[in-house]
Amino acid sequence: MISLTLYYVLMAICGLGSVVAVFLAIVERDMLKAVLFSAIQSTLYAFLYYLLMAPDIVLTYIPVSVGLYPAVILFLIKKTERFEDVEMKKGVLWATGLLSLVFVIATAAVIAGKGIGPVPPPDVRFLAGWYLATTFNPRVHLISAMAPEGVTSIVWDYRGLDTVFETAVLFLAIIASVALMRGVEHKGVYDELKHGMTLIGKTITKIVVPLIIGVGISIALHGHLTPGGGFQGGSALAVAPLLVLVVFSKYFFDKVKFTKTKALAIRSSGLLGVGLTAFAVLIAAIFLHKPAYILQNQPRVGAPLGFPWKGIDGVLLGGSLLSFNACEAMAVCAGFVILFLLLSIPERYVRSVVVGGEEHEH
Amino acid sequence: MDPVTNWVLVILGEILVSIGVFFDVVAAIGMLRFPNFFVRLHAATIGAIGGAFVPLMGVALIAAGCDFLGKYRWFIAGAAAVTGVLVLMLAPVGSHLLAKAAHESRAAVVEPKVVDFLEEDKAKEGGEQ
Amino acid sequence: MAFVPPSPIYGLSAILLIVAAFAVPIFTLFVKNKRFYDAYAIAFGVFALAISISIARKVFASNAPIIYPFGGWPPPLGIVYEVDMFGAVIGLLISSVMFLIIVYSTWYTERLSGYEWYYTLLLGLEAGMLGVVYTGDIFNLFVMLEVVAISAYGLVAFYRNRPQAVEAAIKYAIVGATATTIYFIATIFIYGSYNTLHMAGIAMRNYGYFHLTFPGMLNYLPGVFYGNMLISACIALALSLWVFTFKAAVFPNHFWLPDAHPEAPAPVSAALSGLVVKVGAYASARFMYTMFGLGSTELLNHGIAHGVPPPRTMFMIALGVMGALSAVIGAIMMGIQRDVKRLLAYSTVNHIGFIYMAMAVGVQGAPRAAIALALAAMVFHMINHSVGKSLLFMSTGAMIKHVGSRDLDKLVGIGKVMPVAGATTVIGALNLLGVPPFAGFLSKYLLYQAFLAVGMPYLAVLVVVASALSLLGYAKLIYMVVSSKPAPVAPGSIKESPVVCGVLIVLAIATVALFAAYPFVLKHVFVVTAQHLIDPRIYISKYYEVMAWMWSSLYGG
Amino acid sequence: MSTEVLSFLFSIVFMSMIVNTALALYGVLARPSLVKKIIALTILGDSANTFAIMVGFRQPSGTNPIPPVLLWKPTPSNIRYFISHAVDPLPQALVLTAIVIGLAVTLFLVFLTIQIYRQYGTTDVRKVAKLRG
């Protein structure tokens, strides 16, 4: 019981620490420091997710909130301005901060004393019980996702429609950004000595990038077995091109002829792979004159077709999850490359295209 | 494995971890006491190599010597060793790039400056062109 | 007998459109011809329209909702599409108006760089809106709202070299992103206490259908609830109604609309004003009638204290007040605008106010027949406003594009050089003002009748007052067209595109056709829709039937 | 006694998330800098996500909860143990979706903010409103 109490004490420390970090991040005038505080908050949250038994979220959250967000916002600060033009009195700030901490502890005491039911409950909800019981259960194959990873099964099988459209949101955001930067085509000649960081940095990047790619691919392809999945793997994969972009400079991409358009095509192929996987069983069923559903994975009631879930030697394939994860990882990685390529175009050049008279409604 | 090997592994590992503790303390004192950015960076890298790489190797040895972990012990030992090697490779590069960036952007002021060869080289190159 | 999967057509529209959008970047690699993208977008617009028609036909023929369980998961495990009459009508409206907007866009995007991205975002917008109206799952609703929102932000910022456009987009996007996050919190509250995310499942709990059990071993419905359903339902309703009123631009939350809608390209303004705000209204109605509807036990019978109206009534009063205020304020603000598109944007605030007023009369104690009448008026008015507003945005968009100004004064006399656009502008204005023989008159009249029948004559008066106030704005529009002053451009210099004329004439005919078909559509469409909306038992029982059938064929077969 | 202690400690985290949400809302709606608004928006999303995951947490009496990943052979007894010890996977899946959506919106907002800066030369909304006139 001591260890259990310690576990909860750690959680409470993370919670209170995050309040402090958020408070500082919000009131800070210097944006660089605000990003730093926000990164501290993210780290505490990641730790909290770990304690809350959400390894999938940790794997998503660390590359996204601890890595990509600060990177993007640093790009943003570099391109815009660093200070916020607001003055607040120090005394007021301290008072608010302390009051909010006291508020947290007091209301927590109220909840713990009166009880809005047990917090945390000893049991999960009935629906969750069904998910846990059917995520990998060959005895009830007709309502099982046949993949041991509960979260990935929900993400791509039980609630696959959500995920297809969540991917669509990311896709549309990238398209909207590309539309905002349309007509901006910048190319330079890569010079080994002039561009990027030092030789030491470049050499070590050459060693590290394959490692990162390996990790990313393994996170993506093991998504149906262990925590991880397409998005997690893709965002880990995206760190590799980001590193190349920072260390070798943008012009390296011009040298290897990897343009935004190509990245966009890779992204689209990944997304089309997602779409195809969603319809695969349905298409097969139409040819075989059998009934089937959209987004079907395993055989279901009245729809006997399904993806194979077991390979040679009993290796678990996870049905459509494997294909979904692989395609999604490809798409997410390419999506981030597009955004970073767009962000790394020199500002002076972008301005010459994007600002100023061009098409108008009038 | 036989108990003697296990004992040797565990004790070796514990010695390495203790060395790591020593380096961490030294690095922390250095961070506090050193006068400018570059020497503090030096102290921080001591913390990374002596205070992270060495104890991680120690952890790998301890895990390899712990029978009760079952099949997980090779997992823990391997993970610790890989992490240690990565730290060994990446930490110096990180400090190198930080120092380079600080020098080029002139964000860090070197207070008791005796000599700056990099600056002199740059000046020479600039002069030649 | 095993459960036979329903036809995949019923689940196809949104996902097919989004996959079509996914494919566009690949085509940009080797197709540079604009005609190809025009044809591509139109083809999928037709596809969506055909699917919506078949869904609507099926729903009205069978007089019951359609349920499509994605992935073959028996509810409540997976996501279902549940399309009832309300959803089918609004879905048909969305896909038909969007089809016309896409056709209009083929003309509008000539000489516009980045038309391929424009079409991608437009397809995404349509997919999102269809998803919102067809889905039967509150978290899927969140995802779909976000699909709609992100496409809308991208389209508002499409004229990226106009500072005002970018500013309007960021204003819209920051508050919009906050709003959807808040809706996410609301769904978590609902999941926390209701233990399901399906709209029909939530309604089941609210209506106390706990006695329904399943054949065989499955019997999870009468489960334990976590926490207090009343409190979490109130919090979730408060949060999500705020979000929906933001999406629908009802009075205090309308601040983004007069900036965002005018700055978008004209067809996008038509889509935003005509359809996207309806998505917010649709979601509000879905929450307040299907899920937390009249007679739902938790929210109505458990008032907080004696003498205080039950929470649902209070929410309705709040919505009604907001609606009334936005009707009046929109009408007043219309009169003082000099910018044509801003005037039309405020007219949207005005009409969305009418829609919310009609929605808000359905409180406990009001006669059911009268509420049905009000909801019928609401649906009818949503359709009329969509048709009228998209007509106006597209006709004025054509004028603006030719003349090169949005200023009312600079456009005066335009009717002489652009007769079709001019005539349809007048028709659209008269329709929205509520003049016979256009359908807008009938929907306003129906609103008036419904408010009288409910016993709220002050609302009926308000409809008349707000319409009278808006007369000034519409009069400006009509004067702009019919004025005898010299036209802003030389006569004969403008040649109206046949595509534009076709679209405008179709929409203008639609307003008259709805007027002509009024007795028929009222009886067979709107009143039936309203009755189904008021009485969620049909919605719930169809859901229950499918659920029981799927589970029992799983275990019994 | 100890259940109350645990409950108290857990409630602290709950309330922290609520306070963080409030602080982030203040940041989004009241602070003038667009960069600050974006940072606050990410914090808002993260706090909502943490809240969701906490709703799905459980504490089986006596032992630790486990993640919703079935690491053993799917025999009936293993599955029974899994059901009685694993936390709720649904909020985690929802949060995964919400994280991606939040990321997408933030990325687009970053591009819009840079564009605002290109047009107006400032990221302060008050100055932008003034310049617009």
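So that you can tell them apart, the chains are marked A, B, C and D in the order they are listed, and the count of residues begins at 1 in each.
As a convention for this text, a residue touches a chain if its C-beta (ideal position, glycine included) is under 8 Å from a C-beta of that chain, and two chains touch if they have at least 3 such contacts.
All values reported here derive from a predicted model rather than from experimental measurement.
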item: Selected interface, A-D versus C-D, where C-beta contact pairs are more numerous; value: A-D
item: Mean-CA-position distance for subunit D and subunit C (Å); value: 29
item: Distance from subunit D to subunit A - Cα centre to Cα centre, in angstrom; value: 13
item: Separation of subunit B from subunit C, taking each centre as the mean of its C-alpha atoms, in whole Å; value: 60
item: Inter-chain centre distance, subunit A versus subunit B - centres from mean C-alpha coordinates, in Å; value: 30
item: Per-residue overlap in subunit B, given as positions that touch at least 2 other chains; value: none
item: Overlap residues in subunit A, where contacts from two or more other chains coincide; value: 121, 125, 127, 129, 131, 158-159, 162, 166, 169, 172-173, 176, 180, 354-355
item: Sequence positions of subunit C contacting 2 or more other chains; value: 139, 143, 146, 150, 153-154, 157, 160, 191
item: Arrangement of touching chains [line / ring / star / complete / other]; value: other
item: Touch relationships between chains, expressed as pairs; value: A-B, A-C, A-D, C-D
item: Complex interface listing, subunit B residues touching subunit A; value: 86, 89-90, 93, 96-97, 100
item: Subunit D residues touching subunit A - in the complex, by the definition given at the top; value: 2-17, 19-20, 22-24, 26-27, 31-36, 38-40, 42-43, 46-47, 49-50, 53-54, 56-61, 64-71, 74, 76, 79, 82-83, 86-90, 92-97, 99-101, 103-108, 110-115, 117-119, 122-124, 127
item: Residues of subunit A defined as touching subunit C within the complex; value: 116-117, 121, 125-127, 129-131, 134, 142-143, 157-162, 164-166, 168-169, 171-173, 175-176, 178-180, 182-183, 261, 264-265, 267-269, 271-272, 274-275, 278, 282, 291-297, 300-303, 354-362
item: Complex contacts: residues of subunit C adjacent to subunit A; value: 2-5, 8, 11-12, 14-15, 18-19, 21-26, 28-29, 68-74, 76-79, 111-114, 117-118, 120-121, 124, 127-128, 131, 139-140, 143-144, 146-147, 150-151, 153-155, 157-162, 191, 195-196, 220, 223-224, 226-228, 265-266, 397, 400-401, 403-406, 550, 553-554, 557
item: Of subunit A, residues touching subunit D in the complex; value: 1, 4-5, 7-9, 11-12, 14-16, 18-19, 22-23, 25-26, 31, 34-35, 38, 41-42, 45, 48-49, 52-57, 60-61, 64-65, 68-69, 72-73, 75-77, 79-81, 84-86, 100, 103-105, 107-109, 111-113, 115, 118-125, 127-129, 131-133, 135-139, 148-151, 153-155, 158-159, 162-163, 166-167, 169-170, 172-174, 176-177, 180-181, 226-227, 229, 231, 339, 342-343, 347, 350-351, 354-355
